[in-house]
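Structures follow.
Below, chain A partners chain B and then partners chain C, in two separate complexes.
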Partner chain A sequence: MKKIISGWSLIKIYTLLVYIWMFAPIVVVVVLAFNPQQFGTFPMEGFSFKWFVKLAHNSTILDAFKNSMVLGSLTAIFSTAIGVPAAMAFIRYDFKGKDFLNTLLIAPIMVPEVVLGVALLLFIRWLQQPKSFALLLIGHVVLTLPYVLLIVQARLVGIKKEYEEAALSLGASPFQTFREITFPLLAPAVFAGMLFAFTISFDDVTATLFWATAHNQTVPVQIFSMLRNSISPEINALGAVMIVLTISIPLFAGYISRKFAKGVDK
Partner chain B sequence: MKNKSFRPWLLLSPSLTAVFLLLVVPVCFVVVYSFWLRAPSGADIPAFQFGNYAKFFADFFYPGILLKTIRVALETVFFCLIMGYIPAYFFYKTESKFKPFLMILVMLPFWISFIIRTLSWINILGDSGMINHFFLQMGLIKEPFAMLYNEGAVIMGLLQYLLPFMILNIYVSLDGIDNSLTEAAKGLGCTEWQAFREVTLPLSLPGVSAGCLLVFVLTCGTYLPPMILGGPGDELIANLIFKRVIGTLDWPFGSAISTILMGLLAVIVYTYNKYMGISQIFNALSKE
Partner chain C sequence: MNQEKDQAFVKFRGIEKHFGDVVAVQKTDLEIPEGSLVTLLGPSGCGKTTLLRMLAGLEEPTRGDIFIKGKRINDTPIHKRNLGMIFQNYALFPHKTIFDNVAFGLKYRSASKLEMKKKVDKALETVRLPGVGNRMPSQLSGGQQQRIALARAIVIEPDVLLMDEPLSALDENLREDMRREIDNLQQQLGVTTIFVTHDQREALSMSDKVVVMKDGIVQQEGGPEEVYNHSTNHFVADFLGHSNFINAIVEDKTEKFTKVKLEDGSTCLAVPADEFNNGDKSEIVIRAQKINISYQKDYDKKEGMNFFSGKIMDRSYMGGEVSYFVELKSKQVLHVISFVKRSPYRRGEEVFLTVDPEHCGLLPV
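Moving on, here comes the complex of A and B:
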């Protein structure tokens, strides 16, 4: 019996070490962001907000931030707008070639982003269209669609078909049924899908490097070009801002979806 | 009745159109382009010839990068497995009231910017990073120890990016195991370790293999970690594609390399799907 307990505590310690390994670099970025020293490295020489202030006056970064926000929001909206009906079709209907089509729609996850980047750019070039914001947007919709689909489908499986059938048999139209029954039950998943799409879009570097122009820089692409010069303390500060922002999104989402869920349970 | 069978197609049409036009057609273009010629002027000439593939396999340089990509991907899979299985098992077994919180922590890196997570290793491994700073202060070393800009650093960055995928896949598989099976094994006289080896471990293999496949595929397409954490000799196949397409604008050759990469991954995914079923991966991903 004693041996089992010590085995279990080894597992605990191992897990703890993996956690430390996973989060140490992230914590260090946040800590170093407050280091007033020139080079953005150790040792810490006090505590200052000066790199955050400098960041707030960096118009390139602010523009990139605005671009990323707009792009992420539009991606989230379009991706869920086309993803939710598709999820409905896959879960609620039976038709020929269903499995194949489901795999096809989720395939972009398995296609390397570099290839996706090359492919879409090549296609746009063949159509003789210039790189534009629209290219970034449609590209990001393709990147995020599989995740929206997976999240919404997983939730939809758990919603009993009987609710919808009851509404239909009471004379509601299919659209009314969706609006009054399915959508409220599905809302947390739609919301989660949107957030996920937003984050993936906000975060994407590889494909975006192919599609972005000098006028449509996103934050990660901007960070990437800043890195080419050297790792400045400003990057740490920007990193700290991004970390706080992106951590608060899922926490906020969890809070919201719990609220939603409560509303539905009533 | 006819009207009703039409409905799923109506619901599907926006997504299918998007994926067909923006993924299937462009990918076909890449394959077609890989047979084209590139004029000395830089123009692309429609043709059907295997020159671009011949160029790739002409000497050991390009296949070497492909092989290195596969090797790095296998190493990443290996370390992900070693680092991921035990935490996943911990989540499966633990009765701690902090379990939901600990699970959220594992998911958290998914949400934190990939580029920030990658570059954060510079602060740890760099010449004036945390580790070197510590040892210099302790007086244990005189010169900073070079840990950055090599393959090890690249794998470190990859691991941090991919470990949550592995843990999640294994956990989902473990979580689906019927508890009474291990109880029965123990009731029949198995020790804890035997029950794990004979029952739990084999039943978790679908999740393990799904995690391995996902990590492998994602590593093969990785661009950022070699750029940020690697040295000049550490570029992988994705970096090569980027350099040929964006750098030298050699679209036909870039397309050929992309086609080779896609072909390799298609064979691997196809084989996996045949024996394991691809839905395992999608199961885990939708748990996010």
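Moving on, here comes the complex of A and C:
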């Protein structure tokens, strides 16, 4: 009996250590963001928002932030605009090559981002087009589409076909049926998919490194290049902001979709 | 031709449906008179639902034509067919209130707000659920939801009401009430109704016409009593109620009864069927409820009765009636259901069975 208890304690301690190993660096970044000193020492010698203020006046970072927001939003919009009809087609209709096409659209999840980054770049070269914001946007849509597709499909499977058939039999055209019945029932998933797409786009480094030009740097890429020159505590502040954003958005999405889903699920 | 169209409110002509290599419905002709309630009855996979869905426009027929009121509707999309459809799982829109659910179909029929409200209220009253308009579907019980689904379907005054196993999802005791309610409502509104079910009691109790299907083929169609008492093939006789089948050869065909020879050499009388000739192989069908059971051989003195003697192998007591399994000399076991008039017969007892030839049908093998 005693042995079993000590065994469990060991597992508990081990688990705790894993968590510390995973999250301690993140905590350090956030804590150091409030450290007024140039170089992090412990214990901290004061508390200040100095680096956040400095960050707010750094035009490069602000530009990158703006780029990231615009890119993320557009990616979210395009991914859902493509993903929702695609999911409808895959779940509601039968056509030749359906499985193949579905796998193809999901594939970017499985392909290493480096490969994807280089491939799109080479493709653009081959077409003799310059790198541009459009390229970056297309790349991010490719990256995020699988997530939108998977989320929306999963939800669509759960929406019984009878709802749509009932609406059709009552005189609603296929489009009216989609607008009145399918889309409202699908809305939580669409919303969640959008936020997922935004977060992934906002967070992406590897592929974006290949696609971004000097004019459309995103925040993560900017951090990466800042790190190459020097380690400024501004990065800690920026890191803290990024952490808050990337954690709160999916949480918010989950909350909203659960709120929407109430009374819909049976 | 014209007359024919007028009589058949709904008409399937040479309808067929294939799913890949699977034939769900084989070449079928079916006519449904105006105002009648017709049941498509059969085991799962018999094509009854597919037939209904083709009429609804949810499946496209591989071959053949469908007419409603004499008009070919093959190419009319579902939302222009003016049909009311009831689903097994109610399919009420979960994100809309009961009022909006019932009013849904009216939105596409250019009804004014006031008229809409009037009609919805009336429909809710018809299904005896007035005043639930503001609730959400999830706040209602299964039976109530199905009544709302009924209201939603009848409020648009459909040409045909289609019901796909509407009672299967309900509790046993609720099902009976709901069945009667649908029956009454249908008679009250006089709307042509097609009802799909695998439950023979539902089919027999409420239909004007029963269409028995199996493997995508209509086996028999007719009034409930006709298909039950005069089943025209083995499947129908077996599917409806409890039937006994005895192999026989036609020996002597007369006006009133046909004398057939059983496998064990004894003879039997059965209701004649015109399509038989002497020497034909056939099958006697006897309903389990039509067999009298007794200790005495001369229990039923009526002349020309069929007699069997046997031993009770098994019995199951079901309250009002008892189900006996009687083994004959030929080793064939007959199923007998009889009302309990006295203490039931016991296992191992020798008994005599009497059957009126009127109750013995003859089927081709």
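Everything that follows uses one rule, which is that the second predicted complex is superposed on the first by the 240 of 266 C-alpha atoms of A that agree within 3 Å, B and C clash if a C-alpha of one lies under 4 Å from a C-alpha of the other, contacts with A are read in each partner's own complex, and residues count from 1 in each chain.
In the analysis below, a contact is a pair of C-beta atoms (placed from the backbone, for glycine too) under 8 Å apart; a residue touches a chain by one contact, two chains touch by 3 or more.
A quick note: this is a predicted structure, and the numbers were derived from the prediction, not measured.
The superposed arrangement places chain B and chain C next to each other on chain A without a clash. Applying the stated contact rule after C-alpha superposition, one finds that A:233 touches neither chain B nor chain C. In the superposition on chain A, contact is made by A:141 with chain B only, not with chain C. In the overlay built on the shared chain, the residue A:72 is in contact with neither chain B nor chain C. Of the two partner chains placed by the overlay, only chain C lies in contact with A:162; chain B stays clear of it. Which of chain B and chain C touches more residues of chain A is settled by the count: it is B. Applying the stated contact rule after C-alpha superposition, one finds that A:185 touches chain C and leaves chain B untouched.
Shared-chain residue A:193: touches no atom of chain B or chain C.
Least inter-chain distance for chain B and chain C in the combined superposition, rounded to the nearest angstrom, is 6, based on C-alpha atoms. In the three-chain superposition model, chain A touches both chain B and chain C at residues 174. Against chain B, the residues of chain A that register as touching in their complex are 4, 7-8, 11-12, 14-15, 18-19, 21-26, 28-29, 32, 39-43, 81-83, 85-86, 88-90, 92-93, 95, 101, 103-123, 125-126, 138-139, 141-142, 145, 147, 149-151, 153-154, 174, 196, 199, 202-203, 205-206, 209-210, 219-220, 223-224, 227, 231, 235-236, 239, 242-243, 246-247, 249-250, 254. In the complex of the two chains, the chain B residues touching chain A come out as 5, 7-9, 11-12, 14-16, 18-19, 22-27, 29-30, 33, 83-84, 86-87, 89-90, 93, 104-105, 107-117, 119-124, 126, 128-130, 133, 160, 163, 192-193, 217, 220-224, 227-228, 238, 241-242, 245-246, 251, 254-255, 258, 261-262, 265, 269, 278, 282, 285-288.
Contacts from chain A toward chain C in the complex involve residues 160, 162-163, 165-174, 176-177, 180-181, 184-185, 263-266. The residues of chain C lying in touch with chain A in their complex are 56-58, 77-85, 87, 89, 91-95, 104-105, 107-109, 136, 138, 149, 152-153, 156, 162.
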